[in-house]
Amino acid sequence: MSAMGEVMGVQRFRVRYNEADPMGITYYATYFDWFTLGRTELLRDAGLPYAELERQGLLLPVLEARCRYVSPTRYDDLIRLETALTACTRTRMSFRYRVVREGSPERLAVEGETHHAFIDSKYKPIDVMKRYPQVWERLHKLLMTS
Amino acid sequence: MSAMGEVMGVQRFRVRYNEADPMGITYYATYFDWFTLGRTELLRDAGLPYAELERQGLLLPVLEARCRYVSPTRYDDLIRLETALTACTRTRMSFRYRVVREGSPERLAVEGETHHAFIDSKYKPIDVMKRYPQVWERLHKLLMTS
Amino acid sequence: MSAMGEVMGVQRFRVRYNEADPMGITYYATYFDWFTLGRTELLRDAGLPYAELERQGLLLPVLEARCRYVSPTRYDDLIRLETALTACTRTRMSFRYRVVREGSPERLAVEGETHHAFIDSKYKPIDVMKRYPQVWERLHKLLMTS
Amino acid sequence: MSAMGEVMGVQRFRVRYNEADPMGITYYATYFDWFTLGRTELLRDAGLPYAELERQGLLLPVLEARCRYVSPTRYDDLIRLETALTACTRTRMSFRYRVVREGSPERLAVEGETHHAFIDSKYKPIDVMKRYPQVWERLHKLLMTS
């Protein structure tokens, strides 16, 4: 249970060399790679490994992505990434992310969100509750625990 | 002069192989790399090459970034990237981006925006009008032409 | 016709911001992205767009890649990338690459090579001469012009 | 102690979504990112965090990099990365890498190597034994344990 009131996935890792830019700080698009990592692991913990969903024909393309940059992180910094599912309807779902630089004191680095559609492998929208009832159930369990 | 009413930078290029993902479509964070390319070239055209600004101690870190995904693009698609400066105050500036897949018919792929601070190499905010009057003038010329 | 005695593809572009690292120089793996770009464009010029080859079921995975780094390039440097097909058998092909930083004087930045197999979409090796005679012919025309 | 007879750094992680390409397999340049990760962690374990070396003015640019691709890995595969220091003179050092896809049976995915120079922040070669005797000692301890 997080301060945000949602079940969260938490990942810890270091900023990789190739993720930092000539300013010496983490390149702004890198955070979106981490968001992908965060929702992948959150879904895995909920029994929904994304690679498996794709094999079953359920894709989750991004409709919108957003990131607000609060303080920079640097190569080799220890990062804590928190991911929460914040909404899930029959056709869409949303995640929220917080990236914290660990240490004393720890500092909030960025906050972000992504919004996704449920589509099939032909890029047609699908009703996840009808077509994938087990997925629907697990997503709502994830959403409800908050 | 663009449909949006702003002076634009326009770049044309193809989606690179490593910019597409296992779904076969352009990975969502790639668009932010393109946005970087778009504002770099827009600033260059305005006589403000970013590498030069950095050497003079003027950095433009991202405060917020956002992208709305309308239709997918794929490896090798011909892309037109339009970039416009949409706001510039003494401490901040904003850009807007449109990515279009060329062809007949052409299709809007994404729309995005980034907001930036003016800071020095010690990450202190600066008043660009006072500290870099020539930069200020050129940015406003860019903004005014619209 | 190049100094190397091969038909070459030549690409010109600038080092992107996200391709440079905290040392301020182009990150070493970036050159392999450029190699991909170089062989993509060389094949396109020979009437063999790679996206089309993939659709026809002909894949060209890398068997070996190598790069020798002679002098660094930096963000925004003007780059000339030269790509040549150096070998093509029924089951394999090889490319050579040179990356030059333009300017006066221009400087060789890196030299590299990649070696590829011909496989089908089930990752089985194929005899390109038998299965794709038109591709075979065009590749050999490309190889012969040297 | 590894089969190769060297002290190794071992990292375990999964293939990230953005590290795979439209063929569905890990993009070939991604392995070089992992090599960077491997030598970063090996050096850290030896008491030589690379970020600290850079702050002290000791840089390790790549002179040559090579990778041989044996079998593909895919998005979400569990990866084991083994890194060993294989040579260290006063002006150069070399690493060897093995990437294994874990599972039963596990499979060797790639083997690679990188060769580095010791230089200062002005890109001048330096004699690491003279200028950084502590670093020299730790590197040789790492090399000797084999």
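The letters A, B, C and D name the chains in turn, as written, and every chain counts its residues from 1.
The working rule: a contact is a pair of C-beta atoms (placed from the backbone, for glycine too) under 8 Å apart; a residue touches a chain by one contact, two chains touch by 3 or more.
In this text the structure is predicted, and so the values were computed from the model without any measurement.
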item	value
Interface with more contacting C-beta pairs, comparing A-D to C-D	C-D
Geometric centre distance via CA averages, chain C-chain A, whole Å	35
Distance from the mean Cα position of chain D to that of chain A, given in whole angstrom	29
Inter-chain centre distance, chain C versus chain D - centres from mean C-alpha coordinates, in Å	25
Residues within chain A bordering two or more other chains	17-18, 22, 29, 33, 36, 74-75
Contact graph of the chains (line, ring, star, complete, other)	complete
For the chain D and chain A complex, residues of the former touching the latter	16-18, 33, 36-37, 40, 49-51, 74-76
Parts of chain C lying in touch with chain A, wherever the complex brings them together	17-18, 20-22, 24, 27, 29, 74-75
Residues of chain D that touch chain C when the two form their complex	22-23, 25, 28-30, 32-33, 36, 54, 59, 61-69, 72, 114, 123
